[in-house]
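These notes concern the structure reproduced below.
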Amino acid sequence: MGVVIEGITRADSGHVAELSELGVATVHEAQGRKGLLAPYMRPVFSGRRVAGTAVTVSVPPGDNWMIHVAIEQCQEGDIIVVAPTSPCTDGYFGDLLAASFMAHGIKALIIDAGVRDVAELTAMGFPVWSKCISAQGTVKETLGDVNVPIVCARQIVNPGDIVLADDDGVVIVRRDEGGDVREKSRQREQREAEVRVRYGNGELGLDINNMRPRLAEKGLRYLPGATEE
Amino acid sequence: MGVVIEGITRADSGHVAELSELGVATVHEAQGRKGLLAPYMRPVFSGRRVAGTAVTVSVPPGDNWMIHVAIEQCQEGDIIVVAPTSPCTDGYFGDLLAASFMAHGIKALIIDAGVRDVAELTAMGFPVWSKCISAQGTVKETLGDVNVPIVCARQIVNPGDIVLADDDGVVIVRRDEGGDVREKSRQREQREAEVRVRYGNGELGLDINNMRPRLAEKGLRYLPGATEE
Amino acid sequence: MGVVIEGITRADSGHVAELSELGVATVHEAQGRKGLLAPYMRPVFSGRRVAGTAVTVSVPPGDNWMIHVAIEQCQEGDIIVVAPTSPCTDGYFGDLLAASFMAHGIKALIIDAGVRDVAELTAMGFPVWSKCISAQGTVKETLGDVNVPIVCARQIVNPGDIVLADDDGVVIVRRDEGGDVREKSRQREQREAEVRVRYGNGELGLDINNMRPRLAEKGLRYLPGATEE
Amino acid sequence: MGVVIEGITRADSGHVAELSELGVATVHEAQGRKGLLAPYMRPVFSGRRVAGTAVTVSVPPGDNWMIHVAIEQCQEGDIIVVAPTSPCTDGYFGDLLAASFMAHGIKALIIDAGVRDVAELTAMGFPVWSKCISAQGTVKETLGDVNVPIVCARQIVNPGDIVLADDDGVVIVRRDEGGDVREKSRQREQREAEVRVRYGNGELGLDINNMRPRLAEKGLRYLPGATEE
Amino acid sequence: MGVVIEGITRADSGHVAELSELGVATVHEAQGRKGLLAPYMRPVFSGRRVAGTAVTVSVPPGDNWMIHVAIEQCQEGDIIVVAPTSPCTDGYFGDLLAASFMAHGIKALIIDAGVRDVAELTAMGFPVWSKCISAQGTVKETLGDVNVPIVCARQIVNPGDIVLADDDGVVIVRRDEGGDVREKSRQREQREAEVRVRYGNGELGLDINNMRPRLAEKGLRYLPGATEE
Amino acid sequence: MGVVIEGITRADSGHVAELSELGVATVHEAQGRKGLLAPYMRPVFSGRRVAGTAVTVSVPPGDNWMIHVAIEQCQEGDIIVVAPTSPCTDGYFGDLLAASFMAHGIKALIIDAGVRDVAELTAMGFPVWSKCISAQGTVKETLGDVNVPIVCARQIVNPGDIVLADDDGVVIVRRDEGGDVREKSRQREQREAEVRVRYGNGELGLDINNMRPRLAEKGLRYLPGATEE
């Protein structure tokens, strides 16, 4: 504990920008269904999508000191990702720190703990995904780490990884996989657009995907309902 | 496992229509406080009330194959009710399936698991009540059942039962009890309207319901507070 | 069980009014980070802040009888605070009781259990903070207590204490500490206003609060990141 | 509410006796992986296996009155299965009721709530599977139902169904499926005995079940680890 | 924060000794079903009953410093009761502190958080009731309070109160109510002994407690089961 | 998905053997309080301590196919560590697989999900740490991964890492840190032995660790209790 890694390698900013146009669900699918943070991570206000590069912060329970340390390590376009070393619901972050984040070009906060001042955060338009909302404050007494690999909401996040968040949750894309994932995501979007039209016309997934033979092979039986009345 | 019951008997569509004008809380009370799904079932977006007839789907954890099978079994006015065989938070349903549901006249989804594409679902106006929101996708490998009795969010749901859902949650009315429940619900609404006026005038429930004698009989004591300062 | 304390001593109404202009997070900090209800207590609708004096109610699981008893004990400006004697998610309160509360000048409900009729409560503008939303009704069979000290959402609430609630949660201020807390809250607000400006200008908390020497003393090490690619 | 169904039809006692020699895991598998109560249901003391016929009890939260009513409906060999109408952790049952159960030949209690006097229950050797242990008592004020279908720990239990419980949990076998399930369970036990020997000899499931071709077909790739040091 | 109250008034040691012969469930009933800690509080090892006088400790999340401070405030026969200011699962206590507790005549630990070294604690025979078991250590950086009223596992505990714990959980008896509660507990035990005999003889609670008339008055209906097969 | 990494590099077997003589709490402390799995991971039976090298398995919810694949990748002394890609309580493992594990010299199973046949596992003496116990079976339909980094119970586990488990939980030591951690653990044990003696003699942690000056500096105040009676 007590380590700050400086000068991390970040994902390609072009890839980040391109991924920001895609949804979390699409990207998560496109990269093989990995990297999705636990579904208890919810946005403080809805309707926003952000993408950025992760600056990771490991914090003790009830202690937000290292978030202050992390700000200095950020570049324009970063997203700070915070995880406590044991589960904690305290409010590590409020409108003051949000002002500091915004002044440094930090695009969002992802925190596996609580935040507060949610009315102010909403008014400021600073996007946060958190485990809960709590006014319970934190202390500044114990060191943690900045820019080490962390587990946030059940997923590994490495410094420099791509973070994509929207109303469906938060997904992590490995630093060097942005281009590949973007490509697969676009292909997926195209396929989905076609399927959407066919579904809208009333075609069944059973037919579009030719599921009937395999269902039969697995033994699916169609039985008549009891005739009643 | 692996059974689809076809041609189920559905509740009377007139009863369903009439129940759709009543709230979940009212109907739940009127039918003797039974059939309410667990309160963790929440709407993806608020402000909607829907009623329909249940097509039930039992699914394995992390596998949404049977939802595709179920669509074909639906009629205009049905509501698909999905329960996994063991607890699961995965996102079984998104905007593509919603397009398919809408094309087939399915009025809502009730699912004791997760859904995704919630911004799109909200924009489409397709109502969903779910346990959580998660972008985590599912596979199509293992059979389940369609139109067998299931336990969804701690309640029994039979195919053809009436499903009523609004911002207070989801309640199930047995297929053949719609008329009776509608009648009792209306009576309840009338009584409540009268009580609402009296409450608004400042009358106490203690007096309206003549509670004081029974409270005294049970031994309620009124004691003076300590005189301080 | 079965006791109603009448004629409780309430906090100074001027202090209550002044605290209502301050946020829950600020007041919680100003009084030394105590008295915050557990973060699972959430508003039924957002955007409201209320302050009032507590009338406390201890209720059995699934029984709301004592809420009726409590209304009569209320004065204009009170907030009813309800806690069940064992955890319960039932809907103890709906639009009818809300009409009664409003007629008696009761400003809000804080309940460590469920409420229902949330669309109606929102339309009426009656503010409620609760553990959950549930249409499951309650009975009126067993006594509880009014105006005894209770534990609500992990905090002690005494009758006459000040209750302050907003989108960040609910905080309790002891009856005789309102003036002191208001003073400290205002001082805190001033300090925060200054810090907010400095943060907005890009100054770091590390510098504003002179954290660097203490971080060094604790052993914080800055290490270069691996040079990659 | 308020109904006691008398003279229920019970599963064949011979089938019950034969199932009592089989484990919960085996029976659950043999009947197609259905009917298993949620895993939070745990035995008060370990090392016991019981089978019996269900007498079902639906109770209000915090009210055990109907358990008294249910005892009279029991026959030698029954197991009482209790579920509250909303989640509750109260201690509905202790050593006194256990004495009454034992005097009436009731073989076990399955309860989706709490029990108490666990040291005494253990000393008496009366087996209980419950959601939790709690000394919190209950009242006797509100009716429930006896011998109606209930949902206990996420599963439907009908009166007269077979209940089998051991250290792995609790499984329900439908009243008329005992013979079929017993047969399939025995076949399963035989197959498992053979597999156990082969596993003990070091044979792999991959080979015994000829999994390799299907794994390859699904696309499983074997890659060399990074050569390090 | 940061207060140690010295020289607290303790409950009568004779009352404590007498209560130690009674069970938690009995005492909880006898004092009107109040004071029971939440059922998630479980003993590290079973089979022990202890009674003592509470020395209360309020601790920050992840910080056990104040437990060291509290030991010095203890007398022979005290029980230390610890609650964090926000929920925490860390292991605040292990075999070293247990050695210190035992040397000072402290009879048990009640902690609404985690403990570790459970094999050693069991071997030492030092009884602990805790929320969980966790090897995660704590720091010594932030002050808390000793001998102020706290909320532990949803109950108020005052310094000097009587703490009684066994396999059923933990109950708090107010400092000055020990004699009265002991008296009522003994009466209850006598009544229960009589009822136990009658239950053992097969008498029903329905008859012993003359429940039938009131059940009928509430509307309980006995219906015949469907005649099947 | 669908990758098996063969020929992983394992931690030094000598270091593993030496760590097996140390407790989880000690090792966790010695390595700077990192690597501890979440406290919900509990042993199926108590009293065992094991150390081994991790073979990691990422599995879909409700699908244990990859555990069969993983066995073939194991060497004598390995411990299989399993994590599902979304939370799941199903019973992935029972006595048959345990027989296979034992035949291949696998020393334990660590699984962030359920297991079954716990009476048999206990009789066989095969140690398992799991999230829960459940008889609910799994399928063999969908690929996962073997020997990729996984998140198990909130911690990163890499293939070849050291796994140490006892009654206090499970801790992961990085593959190349075994020697260093062993050294620090031994030093810690020595220090603790000395402190244990001093604690046993009644010395206070306040004095042994010279805490009083720092407590005073932080502002700790000792106040007299109210003189009562």
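A, B, C, D, E and F are the chain letters, set down in written order, and residue numbers restart from 1 in every chain.
We take it that a residue touches a chain if its C-beta (ideal position, glycine included) is under 8 Å from a C-beta of that chain, and two chains touch if they have at least 3 such contacts.
Small disclaimer: the values here were computed from a predicted structure and weren't measured.
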{"item": "Repeat of interface E-F, chosen from A-C, C-D or A-E - more than half of residue-number contact pairs shared", "value": "A-C"}
{"item": "Centroid distance [mean C-alpha coordinates] between subunit C and subunit B, Å", "value": "30"}
{"item": "Subunit B and subunit E, separation of their C-alpha mean positions in angstrom", "value": "39"}
{"item": "Numbers and ranges of subunit A residues touching at least 2 other chains", "value": "33, 85, 87, 89, 134, 136, 142"}
{"item": "Pairs of chains found to touch, sorted by chain label", "value": "A-B, A-C, A-E, A-F, B-C, B-D, B-F, C-D, C-E, D-E, D-F, E-F"}
{"item": "Contacting residues of subunit D [partner subunit B, same complex]", "value": "1, 32-34, 38, 85, 87, 149, 151, 154-156"}
{"item": "Residues of subunit C touching subunit A in the complex", "value": "23-25, 28-29, 33, 36, 39-40, 42, 46-47, 166-169, 171, 192, 195-196, 199-206, 209, 211, 215, 218-229"}
{"item": "Complex contacts: residues of subunit B adjacent to subunit F", "value": "60-63, 85-90, 134, 136, 139, 141-142"}
{"item": "Residues on subunit C engaged by subunit B in the complex (per definition of touch)", "value": "2-9, 65, 68-69, 71-72, 89, 91, 94-97, 99-100, 102-104, 114, 116-119, 132-137, 140, 142-143, 147, 159"}
